[in-house]
Amino acid sequence: LCEPLVTEDYVVQSMPDVSPTKWHLAHTSWFFETFLLARYAAGYQPFNRDFAYLFNSYYVAVGDRHCRQNRGLLSRPTVEEVYEYRRHVDRYMSEWLRALSDDPPLQHEIAPLVELGLHHEQQHQELLLTDIKHVFWVNPLRPAYRKSPEPSPQSPSPMRWINFPEGLHWIGHEGESFCYDNETPRHRTFVESFQLGSRLVTNGEYQKFIADGGYREPRLWLSIGWAAVQEQRWQAPLYWIERDGQWLHHTLGGLRPAADDEPVCHLSYFEADAFARWAGARLPTEAEWEVACASLPIAGNLVESQAFHPAPAVGDAPLAQMFGDVWEWTASQYTPYPGFKPAEGAIGEYNGKFMCNQFVLRGGSCATSASHIRATYRNFFPPDARWQFAGLRLARDS
Amino acid sequence: LCEPLVTEDYVVQSMPDVSPTKWHLAHTSWFFETFLLARYAAGYQPFNRDFAYLFNSYYVAVGDRHCRQNRGLLSRPTVEEVYEYRRHVDRYMSEWLRALSDDPPLQHEIAPLVELGLHHEQQHQELLLTDIKHVFWVNPLRPAYRKSPEPSPQSPSPMRWINFPEGLHWIGHEGESFCYDNETPRHRTFVESFQLGSRLVTNGEYQKFIADGGYREPRLWLSIGWAAVQEQRWQAPLYWIERDGQWLHHTLGGLRPAADDEPVCHLSYFEADAFARWAGARLPTEAEWEVACASLPIAGNLVESQAFHPAPAVGDAPLAQMFGDVWEWTASQYTPYPGFKPAEGAIGEYNGKFMCNQFVLRGGSCATSASHIRATYRNFFPPDARWQFAGLRLARDS
Amino acid sequence: LCEPLVTEDYVVQSMPDVSPTKWHLAHTSWFFETFLLARYAAGYQPFNRDFAYLFNSYYVAVGDRHCRQNRGLLSRPTVEEVYEYRRHVDRYMSEWLRALSDDPPLQHEIAPLVELGLHHEQQHQELLLTDIKHVFWVNPLRPAYRKSPEPSPQSPSPMRWINFPEGLHWIGHEGESFCYDNETPRHRTFVESFQLGSRLVTNGEYQKFIADGGYREPRLWLSIGWAAVQEQRWQAPLYWIERDGQWLHHTLGGLRPAADDEPVCHLSYFEADAFARWAGARLPTEAEWEVACASLPIAGNLVESQAFHPAPAVGDAPLAQMFGDVWEWTASQYTPYPGFKPAEGAIGEYNGKFMCNQFVLRGGSCATSASHIRATYRNFFPPDARWQFAGLRLARDS
Amino acid sequence: LCEPLVTEDYVVQSMPDVSPTKWHLAHTSWFFETFLLARYAAGYQPFNRDFAYLFNSYYVAVGDRHCRQNRGLLSRPTVEEVYEYRRHVDRYMSEWLRALSDDPPLQHEIAPLVELGLHHEQQHQELLLTDIKHVFWVNPLRPAYRKSPEPSPQSPSPMRWINFPEGLHWIGHEGESFCYDNETPRHRTFVESFQLGSRLVTNGEYQKFIADGGYREPRLWLSIGWAAVQEQRWQAPLYWIERDGQWLHHTLGGLRPAADDEPVCHLSYFEADAFARWAGARLPTEAEWEVACASLPIAGNLVESQAFHPAPAVGDAPLAQMFGDVWEWTASQYTPYPGFKPAEGAIGEYNGKFMCNQFVLRGGSCATSASHIRATYRNFFPPDARWQFAGLRLARDS
């Protein structure tokens, strides 16, 4: 993912939510060093003792950390030093894991942490892409991450309403495979009958909302959403620019027209919610989404497609684009499932402490790995966050 | 309620969340003038055309309004003019309602709005008390609203855990009696088995949390809660002062010791949540609370008792203090019920647009009227709000 | 001065620079109590010990004080209690001063402090007027302090340039009469030849600046002045409102047209400076102003005229309006005179510690007492302050 | 100067006052491109049209510009591209200047701008050093710009008072050699007799001020200076750290003890002023400084010494360290000289528009070029600026 970048690109933090590329690279190795090597690998020597401070994100239990919003003020360690750090940790991890075959009990104990570390790194791979996209956006030169040809226009599948009957459903992760603690425990939820849109909302549909004055009509918005519209002067999704009456948007492939048939992207929850209200519909709850998705295979425009951009819905599957393209804002605030217990120790800070004033997103995006996403996966962001690949699918009562 | 106040007390806005007493008085009459007299009473002349601007709170649909945080900058209209405004509106309302007996269809149409106006005024009566309490708090002279004798200490009932079995429950308001739109529609929710504390958490229990370093241990807190603790330097509930090793608190009756047996009060959601975690428990969800409360009579230390302060639990009812004393923070973020439809028109702004980044509180307080509260009533505040009479009851999985 | 006010008017602080009327009343008595009665009058009992905290403005040496920007959050003490406090202090002062005739040495020692206290009170009388003007301004009802008829238009004296030759001048206060420490010591300053406008700049002249795009042309402004224009969206002097193509302004007599012949008022230093640059002139230095004024009698539209508003220049005196009407911004930053020594003790905090990032204004205004102003008087405000009666007179090199 | 830096160091902006190294490199070439090549060199093609926007600092008259505080958000242009830009501009400048020998009138016209461009670049060379020092400071790894050995302690010359008699003096630049517009016109100023310290104030002397509670005593400070101390929690000069009872400071050569005999450095005006008051002295005015310095040769610890750090006073010259080591804060606010006229056109924005709320510093520092400084040179910074090499020399009335 870093291959198209130059050294200077690794350094910049374009807003507090964004981390510099080199920080992502170092932090993911720090995770393995801190939660595995430093604890379990006898005789391990840290690469640099200051890195424990510099590259801890938010794990209070493992010590002090550098101020998040100042990550872009660090010219050192250099990019090359960070790569050296990664090689150091990777080499130790490999050797140590190999040696562990002699110690099955320890192997058993640390396996979940290794797996968590890998999923953690996948999350930061997605953030690396969303963050560098923002770094290029704030630059008046508008650099492209990787020039790509403009896709040819498609006829998007028409939107249909898919029916789901009422019922008591089991929600949450089941079985032995990996999941985050926030997907557990599996539990029952009663879901009224509902309808779900057969595909994501498109740029073309969203442009109608804009043209109809959606950003000027307070009645369509949540109260604090309307305050955000006014304070931040939102008039379109993040990365959109109007030029000569046409909407362009900044993509990882450069600035180009916002194609009508592509899923709309880089919306806040507030915008997704307002659009749904304007459309006479609403956002699905996360339970509805999970019920609808339960039996679908994990396939779609995920990071493996290397498009790095959402693509139009094609074909006539009843429910298209459930995985990949854009994360789907749900109407559900991010709360613990009944009986939720955070993981033990510092790792317990991974999810639980953020269960407040955030909304759940489902389904992964064009920057998510196929081996990372699943039907029970709960992503979460504050309702004003816009720099993720986030869009929406409509729902309504039936 | 205003009887103990002097003219100067009516003017001050001690923080943006607080409104001056005279604003509450005027705004509640503005509600009747705007939604009833101006719309339905032929020939009604507004008392002062500028009041539509000055005393609109947040109803975007009925026009522009004065900036909320500047309500305390208005020396005029005077207190006497506001009382005159109220007499003007009350007189017109009385005459008009009397005359309406000749017009049953209109009578039928406006009755729900009249009822809503009365419940609206009850809400502002509670706010008037919580707001004047804050106004007196920021004054180094620490005035009392109404001097009252210190209550004699009680032996609070011991806390027991009350069991509730799992089940699919109907939640929300039923029947023809008045409720707010946010209590509807009645719908099914599956609730796992749980336990609820038999009474509210007390000052004495909360002091143990403080003494145990509760305000210094990030692991007990939600992430943004911990940020609030540090930024606002919280070390105890709002209104608490440590003097010579003893905790005093500011009450409407003056400054006095925080009695061990009284329910702890003036907590934010963050503090209630952290206390529960420290105590090895959690907050109840609003569904759990409503299930537990469904069959209880509406009785307790409500505003009619004129104590204006929470009182110790006495007696041996299995579930004490469910109504009155303090609002109980629940673990539930404030979201629409399945199938929720806001009321039509400007009145629809009453509740729905606030369903974001707030938590539900249940049960009313010592400042709530008995005719205002009910088992399905959903109050809501942002998780850092502390100036309401808000405390907590523990819950846990069973 | 307080006679036209109602109780509510005494309470409000409309911005941090403004103090509530009741604060001014209490603070000026606090000055006598603190610096005289408490120190020199044996057996004096303070009226209320908390007032030392509440009504200290900025005298660090005499103890802690209430936060300046929270003066409007105090409903108590009531207005009546403040008047009682004033009567208490006045009565003690009278009795004590009378008794002092038996103690000439002490009489001699305290006389300068009594005189300072009186001049201090005169300053607060002016602030009381400028502050209540602002309190009425932020109120959409736009109350008037004292309704007054609109003045009939005048033909203002034409502006002429008055010549002053170069020379070495003595500047600063001389003799035994009262002055503030910042007017001393008298010292020599070399002043190049210069010209001074024969009268103040008028509203009519200032409207030409506005119409010519003065507020949209950065080249006319100091760098931080231009930043202030943009951040605060200045488009005209404070208190000006454009309505139907006409400029109205808020006065103590109510809202009325900004008469062409009146001196322009409520300008910041930045605006006065930008206007002068636009006019091909500059502001006078304080030395130039003092040289020009040295032999003029103290006469003009001062507070004794009870106009509470600047008036057109009439007659054909060579230098009109040097005293009264509006304070004249000078080009001089407020710095100590060579050899300046602040007064001893807490009183030394009166002036010296403010000699940074402020500009000197000269000549008094329509809210200044004739017995308070003099040719050497140095008033000072930050360059963005606009709520004083401040305008300008042009100067240029000759 | 850039030789010790790695690519990442060029990118970071550690606070709004600081510019990234690559910005300094580009901006100084932009100056030549904008004010010379683009205006006078027929057929010149700009290197990149976007650079006019990116690298304009504050010249409103030449067009829009990138927001100052976002200079560190730009990963592109890369460092290598900026060097290419510099080579492009340098090459064109060289060729064009050579060709100009055929056009003496144009040569004459543009010569002052070329000279200004060179002095402008010298100023940014100093800023490049002060800025990279700050970039390294905010980095917990505390990188050094260029490791240097700790200097061996010296016995600093004792401080003596040098007398200067009163008199009318000519101040400001005279003659044909280069100066900035703010040094003109030469004019007369009357200066009272005064005394000047024979050398700069040292770290050792400043530590006595700290140890005596200088940072805790409001009476020593200007009012807004004391506010700065409290808000920014100043307890020592910028870059000082207390460790095990010893004061260390961050230098371009790394972290090392603050040697007693070195001039104290990285003070704000507020600190210099407070120290002087504590020492029973004051800061010199800029006129006093210039009078004292008038006949001294330009020699001292300037950038050419490559120490990049102030050095102890040695020898027994009556007035040591007037040039070099540290800029000396004067008591003079930065105001136009009598008769001052800014240069014509955009170049007139160089100085005049900053004449507000800044103080004059004199004498240059260890980061200033010997060919850049002179006795009449007026540097200026806001009174809270600390990241420049700024210290003080005492003065007093005689």
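Note that the chains are named A, B, C and D in the order they appear, and that numbering of residues resets to 1 at the start of each chain.
Following the convention adopted for this analysis, contacts are C-beta pairs under 8 Å (C-beta built on N, C-alpha and C of every residue); 3 or more make two chains touch, one makes a residue touch a chain.
The model shown is predicted, which means the values in this text are computed figures rather than measured ones.
Student: Farthest chain from chain A, going by mean C-alpha coordinates, please.
Tutor: Of all the other chains, the one whose centre lies farthest from chain A is C.
Student: Distance from the CA centroid of chain B to that of chain C, rounded to the nearest Å?
Tutor: Result: the chain centres lie 46 Å from each other.
Student: From the C-alpha centre of chain B to that of chain D, how far is it in Å?
Tutor: From the centre of chain B to the centre of chain D is 58 Å.
Student: Just how far, in Å, is the C-alpha centre of chain B from the one of chain A?
Tutor: Averaging C-alpha atoms per chain gives centres 37 Å apart.
Student: Chain A: which residues touch two or more other chains?
Tutor: Answer for chain A, listing residues that touch two or more other chains: there are none.
Student: Please list each pair of chains that are touching.
Tutor: A-B, A-D, B-C, C-D
Student: Can you name the residues of chain B that touch chain A in the complex?
Tutor: Touch residues, chain B against chain A: 58, 60-61, 168, 187-190, 192, 218-219, 221-226, 285, 331-333, 335-336, 338-339, 349, 353-357, 383, 397.
Student: Help me check something: in the complex, which residues belonging to chain C touch chain B?
Tutor: Contacts found on chain C: 6-14, 50, 53-54, 66, 70, 72-79, 135-136, 138-141, 143.
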